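Each of the two complexes below includes subunit A, the first together with subunit B, the second together with subunit C.
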Partner chain A sequence: MNASYFPTRQAIYTTKPELIPGGDLPNLQTDTGDGQREDLLLAKLGSSGWGRVHHFRNYYSQGWGDRGQGRPLSPRSLEAFYRFLELMPQPRRTAPKVFLTDSGHLEVCWTGEAGAEVQVEFTPTHTEFYIAATETEDSLPHHAMADLLHMLPPP
Partner chain B sequence: MPVPPDENILRAICTDKIDGDDISPSLFKGSRTSVSLPSVIPLEDHWAIFRRGVQKPPERLLEMIGEINIGDLQQIGRGFEPKPTEITVEPAPEDWNPAHAEIPEIISRGLANKIIKALTLHRRLPNEC
Partner chain C sequence: MSAEFPFTIPERLPVRIDPCPILEAVLEIRFVTQESWDVLPGLLFSEIRDRYPDQLQLPLYQIPEEMRRHEPQLAHKPLLQFLSRDFLIQFGPRVIGLVTKPDAYPGWTRLREELEWLLQVLRQASFITEGDRLGVRYIDFFQGNVFPGLQIGAQVQGAPLDHAELSLTTAFRHPPLAGRLVVTNGALVRRGESHATGSVLDLDIWAGALDFELFANGLERFDQMHHLAKGVFFSLLKDDYLATLNPRYP
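After this line comes the complex of A and B, so read on.
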């Protein structure tokens, strides 16, 4: 059969040169860091906290909650939460407890030294915090996470 | 018409809001908080109603029911510094729960913490239902 009988096939899609395997891929990360994050979760929140975050990520889909108003876990909240855990010192007392709000935000709570209750909620844009001892209730942008940790009694 | 202050309200506490003995302030933080009236349906019957209406097994499970008197709740709100808050409870019946009601006001995190500390907690094992 004569190959020229068939019309030349034209590509519908083209692949950008930087995405062709073997090319220069400076931004490609072969390790997503999931393993490191699992370790971080276990180290800072223990197996209970690890399990709860796993459930919140995988099983709380759109529409959970008392009236179906619950939202799935916000990816931005999760990112801020991991950033916070990275910066948070290793708990010396008990590991912080983790919760999921109806808005799909992660929240961590702990009792520091002298019974100081602390609560931190990670919204997609900022971090809300509450220090019971001083009745301080405020929020900071995520980029000020390190400053926030200096203000909070450590867990 | 608001529910009178001599009545109580119930709040389902599920696994996303409780870890061990610690209860998240988000149980009451925000607006349009969903509650239920034991004056319409007795507390004992709320276990079955909440299990049908708010559980999503196996992950989201009903762990406790919190109860508080509306008058006490209002006192906590009025006495909250730095932002005294007038709290009301409005009936809002739903198909799955005719005793359903709402707290329409915005409750801050600090105030939610005060309310949670004042709750009477009822716990029941799943096989007791």
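After this line comes the complex of A and C, so read on.
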């Protein structure tokens, strides 16, 4: 379905019909970086991860979950998650799995070398992580994402 | 493909050009909230009713909420308009925009004052859980074909495509901001009951979720976006074309 089917507000200007691309292009995205981010998701998390993030981003507004307890996906969490993925090395084993917490934060989990389980949660203000093998639990501000990745067993 | 910043912004920018080509300016805040749409218009209207006494339902308002929520491209569309003498406020479940009246741009100082007031109102209404995106959009209209007067264009086999019907879109980054510019010489503009044909320069600048704190530095980000929009606009005009617009400098 294309949103252009729905009248929203009479636009202040329109373009002559001959300058409007023909056909229905529901997947065409033009915001800067959107295409790159789709590629990033597919490359680092695979099609399953891409599908889950797409779903969280588009359909998890307020009141999701069995009891309506889930908070909407935090835009700051989503942005931090993308910045993390940009710096994360290409997974050598299984792609990290991505979850949406009840608080509306994205979380990624993976099993690193020697079975080391890792969880990383992106809150609106900082990134929390847990490394099961060493029982290390800590948090860093989003701007220290590169430092964080040095501390984590790679996926 | 990475988005570069291809514009060279002039050191001196005019404070005014005449005739003013600004058709409409929109300052937009996208947000998330835990409140349901049922209560949001009431929360906002109770704070703005003195200044924006009239309201108008937009056609999308009639679409059932369940349907709207399942169509991602509608997430940031406004459903209601509140009207004052000089401005409109457009409001939806995840967006609020301050819009100037067509062909009546009051200047950045006045627009910024209204935005500052709106931010205070939003803080008092306290339904915004988190900001998602801030945006500044300027739509300028020019009679006729503007491409020969601009420092942007297209070529076919090395020859400029200045006089064909043409529409160009380019995206760019200017950290922490990003933008998209659309230039078309095939625009149809409503002016009351009549239409005008000509060219439109449509420039949208925005800041992403990690790059602002709405009630801490939101106004400052809007200042930066306005400054960038102004700089990009004037970087596009050829000197001789700018001269025809009677620029006034500070």
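By definition in this document, the second predicted complex is superposed on the first by the 123 of 155 C-alpha atoms of A that agree within 3 Å, B and C clash if a C-alpha of one lies under 4 Å from a C-alpha of the other, contacts with A are read in each partner's own complex, and residues count from 1 in each chain.
Throughout what follows, contacts are C-beta pairs under 8 Å (C-beta built on N, C-alpha and C of every residue); 3 or more make two chains touch, one makes a residue touch a chain.
From a predicted model like this one, the values you see are computed outputs, not experimental measurements.
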Is A:Q119 touching the first partner subunit B, the second partner subunit C, both, or neither of them?
-> first
Which partner does A:D102 contact after superposing on A: first (subunit B), second (subunit C), both, neither?
-> first
Touched partner set for A:H55, first subunit B, second subunit C, both or neither | first
First, second, both or neither for A:Q90, with subunit B first and subunit C second | neither
Counting residues of subunit A touched by each of subunit B and subunit C, the higher count belongs to C
Touching partner for A:W64 - first (subunit B), second (subunit C), both, neither = first
Of the partners subunit B and subunit C, which touch A:E128 in the superposed model: first, second, both, neither?
-> first
Taking the contacts subunit A makes with subunit B in one complex and with subunit C in the other, which residues are shared?
-> 59
Which of the residues in subunit A end up touching subunit B in this complex?
-> 48, 52, 55-56, 59-60, 64-67, 97-103, 107, 109, 117, 119, 121, 128, 130, 132, 135, 137
Name, in rising order, each residue of subunit B that touches subunit A in their complex.
-> 12, 16-17, 19-20, 22, 24-26, 29-30, 34, 53-54, 56, 59-60, 81-82, 94, 108-110, 113
Subunit A contact footprint on subunit C (complex, rising order) | 1-3, 23-24, 30, 32-36, 58-60, 63, 69-75, 77-78, 81, 90, 93-94, 102, 129-133, 139, 141, 165-167, 169, 171-173, 178-180, 184, 186-190, 197, 200, 202, 208-210
Residues of subunit A touching subunit C in their complex?
-> 1-3, 6-10, 12-16, 18-19, 30-33, 36, 57-59, 61-63, 71-76, 78-80, 83, 104, 124, 142
